[in-house]
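Next come two complexes built around chain A: one with chain B, the other with chain C.
Right after this comes the complex of A and B.
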């Protein structure tokens, strides 16, 4: 009897402790990943999901600062070689050991996935992975390559055992989806749900052991439906709360809202390569020399933008004024640059000095479904510019049409628009990402300036960017990147930054989410209140 | 009958061909899928690799030729986004859409026909006037807005029904559907009602109009004079005769329920074909758009055929031409 009682007590105890652990979580996501294969599609929703199942060598935390993940240390051992020491005792989800062979295998597969609509080749080209021993890797490059940790913070390491010969479908079905991450893959029903369960053997580099037993991701595309699902208690956390709803939801005691700046700057590209720009005319419609070639006009435009009003009125307070390409705290940000003040008087004077005292006519273009409140931002810009005599017309369109025209809609696949609204998220988490893509001279042969849709070009800036990209010392590189930004944005007005986008997550009140600058929604970032 | 079906089938092949030409050239005029899919940080070399990988480096005529050749083999192309066959993606999501359409058809019929007949039989009563006023609301309110309203009321305020997604899937006689579980039914109810609303209203109006017309026919008067029970007059003589226009409408509208349930599926995050097509259009997943529209064309052709055959069963006077 006594023994029976004891067994009963132990059984009840087990049951209770199990119940305490057995917490399930449902997350409502705006965008559904297109695959479980971590190398198939290099885009936010996919990278965010695969971070639960797979690990990178170098981790990237909520502020995109690096931390030891599958690699415990990394350092350059000479000009062209980086040494990565791997974490010992890490197990794959099937129980087998993680070794250097898996890393070498990953380096070969990640850039060569068939049918991949956006691969990892950009981060892996020119790098040779050499296994030194079971837990040491050397990565060799032809030239000094300082951004090695940044590049390797993007590539998920897969198991050689399961990855060999595996197709993207094998990952989607779960057959090959064996990682080292905090959660194991269970099931993906496209359009409906993604199910994960806790990995009790997780090595714990990111926030220790998994906090939830079972995680369910549900794609809910429309904002109101996502909010309703949260209010109804069908999901515990949602991402991408529309700014318009933030103030109202904050008053709701049963919810916790968290907002944080992202690595995405919203800015203007201006045509600086055509003597006659297609969407700029003299007042009355005559031909006119492209005024945007003149730095005084570009500066005048920046001074005409009332960034405070933009943030407060258009963005409902959910954004940060921008004076450069990344908010403070990121590597390579200049400490000296502030957002331009709102000063129409100075702007008008600059217009007059440049010989455009009477203004000109311009059509400004923007997407209407890409960035938060993008069409409204364009409309507000048009009003602000008309105050300094630039007669503006607004044209917004869906991103599916917009980006093609913005990149290559003109003759000879040149950018079509004269003045356009765009955004840039620095995936690498430092300033070289926007500098090389937006402000370096467009040059296909060296892969620079791909998204330089205004074709801004300044040899001095190019030189500093390239110098920075081969400077291994992090402090020196940061200074060079800051200097390049000061010239390209602060002096040249090559692009005009408006604001940094902020993202908002909403959770039921017992939970709260640590906002991430890379806009990922990671279950590991959820804490209990 | 056989000759009729054969002739119809050959006509539909021509329709399919013209449709494929229109859709293929249409979607290829708009935008650049690579800009949609690629990570902005990718360099020019990576962009070129993707263009090649997706076959977009070839001239459009050549792309169309490949599409046609593969279509004959039953391969409607590979999704740019998912990297899986477009047909597989659509077929995967078809059951969810069909069960939603069937259930909403069921809801609209069991309510609409009795309500419509009632309103037709007693056009002056207050209840009839309320039914008719309600039906105006039913098709003049936007689906999106009503959907959100349903969610706010039934899921958020009352907390009776789930707000989003598809429920547990059960299996009955080998058919898998969420209609066979309680959880599944609770999930499907709101989206189905949302989708049914428009149809409910139009079928009510159609039934009422039919009833008003037929109730004055001689054969109804004769049946009554003969002393046939009122219930039999309504259930047999009346119902059978008003069903002809209703079957036409339902046949066609069932097709549109399936093809255009996009709004409801998006609001309720229902994992069906409608959500797939909307996402594919937004992201310029050309192969899926083309494959989807081809399938929908086949669907409509088939439904039309079915309606024509049903006619003959309901009304022996209607003879399919060419059947003799």
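Right after this comes the complex of A and C.
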């Protein structure tokens, strides 16, 4: 009897511990965040992770539509003031109350993190936060500013009590990583794991109470290794499934794959500011006037790109052809624009009309570890451009080197390359994001065109973008943004879009992941099948 | 006239002797024939290839990853299939051999020249100079060669010339050590003393008298190190360093195909791998036979 009893107890014990384990989750991530500090680096992996620990005032769901998060309502009360009503009864992870003081504190800290490689200053510039009462905030701007909710959907609110005087390393160690989000920070071992545990007092704005007791994020850089870990059961969910493997994994009954379009367009920047572009030469190597200044050449290049082949052959069908800056469904997208057709004849004619019938020599630059299949895209582009007489060389490099040179590798910190592959994710979920960053004339003083590496400049486009940015009515703003896109991309070919990236997540069959356009991997988006 | 006659006769005698020694091993003869075939393929690649895999206007992404013997819409046949960018694998392998052999042989020759100069001069002059050179060699040989090459390429960047420089810097030490060992033996022989008595210049003694007698062992090392240089270049390319992606060498072809291994598109990696294997094995077998020929202990 005694022995039987003991066995029974052990069995029950095992059962219980198994049940506890079943509520744990391990996620394999392609890219590890560079910090736990939510304001240190405005980077996808960082924003994705910190969304578990911290909340924003305005939430952004899987399609980047807004929902009430720490703020329950927001509205402009006059031309230059927005009123935000804060959620009542929200507790920080340490049990103290969340109030307007924390929001005001955040607005000061988020833009001024020391040594931040790229912070949240863009979203906070020119905004004054005023506390009205413990749960009301007024935000004042100089001019009407309709994008207030979009901007504030990117900034995570931190606790004043812990954030005052806290450095980035205080967040990384967990000392200051006290948020209001569904999960609490436990520990981060860089290169190995990030551990979170459920916050039982979560206010529940995003999918209610946390579904898992303990969450473990493991960075697994290479695609095959990530897939192997999932197949072996070491992780329950992985992000960034390589397109090449999607078809094979879909056949596997023990996995659930979900794919969705992202807000990221893969496109080309073309040098439009140098009479002599460093990576463009006449056939044979002589100096030549920069042909990319001529809109006919830019159009010819767009017509020379076989986007169907790019999607089918390079992206394995896991991408969408692009004719503008965001896929249909986002705000400010033009209903009239279609991806350019593949027409080498018309392209060659345009080249001849522009006086480059014999072609020219050009080097394409691109990263080889940033976007899905980036090096292969560049190689395919080189083939396609060679067909219309542009003798093309290819140079790819790791992102750590590439972005520095692409943005400021030339003389006087100008962009170094002549023709380069890049991607842009519209963080605010609106066409205004790529328009003002990529196509507005480069002007550091007003924070416009900050990623305009081809230095495209058209005063007409600038005017419409500026007008859109101060138009409060959403429909009217959408129309203006669409108009700006039609001119800047459709007529000027200021940048040449290729495709919209699609992302694929794979989970074990008992779980499934709701794809997100912002490419974040959020534990809150996992549901049980 | 008479002199040249006897010279050519001497060479004929030497060649006859060489060939009768070399042909003792059937395996070595077969390897040599294969190697000659490979070299001919590499040299005449542009003439015998069905298409130019480096001409981007002739390569189409629409033809990517076709299996062996497949035809595309235009009716072109791809005997070994195509790779992820739509290159004909057979032509890509021919051109890849050209790059791999070219890089291997060029770097072996440069490393041989540099290593021999330092090695023989170290043996000849001795003293602090010798200690200095040989300690550098020792230090260099204590690092794994792949690590050295990776560091050098990371510092210099990509490109064929840079790959050759990296390989030369990695490999000269092997030649220096061999040349010094051989020259040390020769240095104490009478003919060197005789030459010194005639007050010949140091340079002349080193390179006209000592060097020819060191050649056999240098040739052996040179052959084997060429194979090593080729595999090292392939490793670097496989890792994505070295050559540009639009002009793949064998290592880069294997590396490109590696990602398709799980999907069943085996030919992209396997065929260049086989080509690399055959090349390296045949060079090594020829090198082994040369070594046995010049090894006095094995002389009957």
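FYI, the second predicted complex is superposed on the first by the 507 of 529 C-alpha atoms of A that agree within 3 Å, B and C clash if a C-alpha of one lies under 4 Å from a C-alpha of the other, contacts with A are read in each partner's own complex, and residues count from 1 in each chain.
We take it that contacts are C-beta pairs under 8 Å (C-beta built on N, C-alpha and C of every residue); 3 or more make two chains touch, one makes a residue touch a chain.
Treat the numbers as computed from the prediction; the structure is a model and nothing was measured.
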item	value
Combined model on chain A where chain B meets chain C, clash or fit	fit
First, second, both or neither for A:246, with chain B first and chain C second	neither
Chain B versus chain C as contact partner of A:392, first or second or both or neither	second
Touched partner set for A:472, first chain B, second chain C, both or neither	neither
Contacts of A:407 with chain B and chain C, given as first, second, both or neither	first
Partner chain in contact with A:380 - chain B first, chain C second, else both or neither	second
Chain B versus chain C as contact partner of A:186, first or second or both or neither	neither
Partner chain(s) touched by A:233 [first = chain B, second = chain C, both, neither]	first
Superposed arrangement, angle subtended at the Cα centre of chain A by chain B and chain C, nearest 10 degrees	40
Which superposed partner A:487 touches (first chain B, second chain C, both, neither)	neither
Contact breadth on chain A, by residue count: chain C or chain B	B
Touched partner set for A:444, first chain B, second chain C, both or neither	first
Overlay on chain A, chain C to chain B nearest C-alpha distance, Å	7
Chain B and chain C contact sites that coincide on chain A, given as residue numbers	224
Residues of chain A defined as touching chain B within the complex	28, 32, 34-35, 40-43, 114-119, 121-122, 125, 168-169, 172, 189-193, 218-222, 224-225, 228-229, 231-235, 369, 398-401, 403-404, 407-408, 424-425, 427-428, 433, 437, 444, 447-448, 450-451
Residue ranges of chain A in contact with chain C within the complex	223-224, 242, 244-245, 247-248, 306, 309-310, 313-314, 368, 375-376, 379-380, 382-387, 392-396
Complex contact set, residues of chain C against chain A	55-57, 59-62, 64, 84-86, 158, 240, 244-246, 259-260, 262-263
Touch list for chain B against partner chain A, complex	30-47, 49-50, 53-54, 78, 80-84, 89, 92-93, 96, 147-148, 151-152, 155-156, 159, 162-166, 266-269, 271-272, 275-276, 279, 281-284
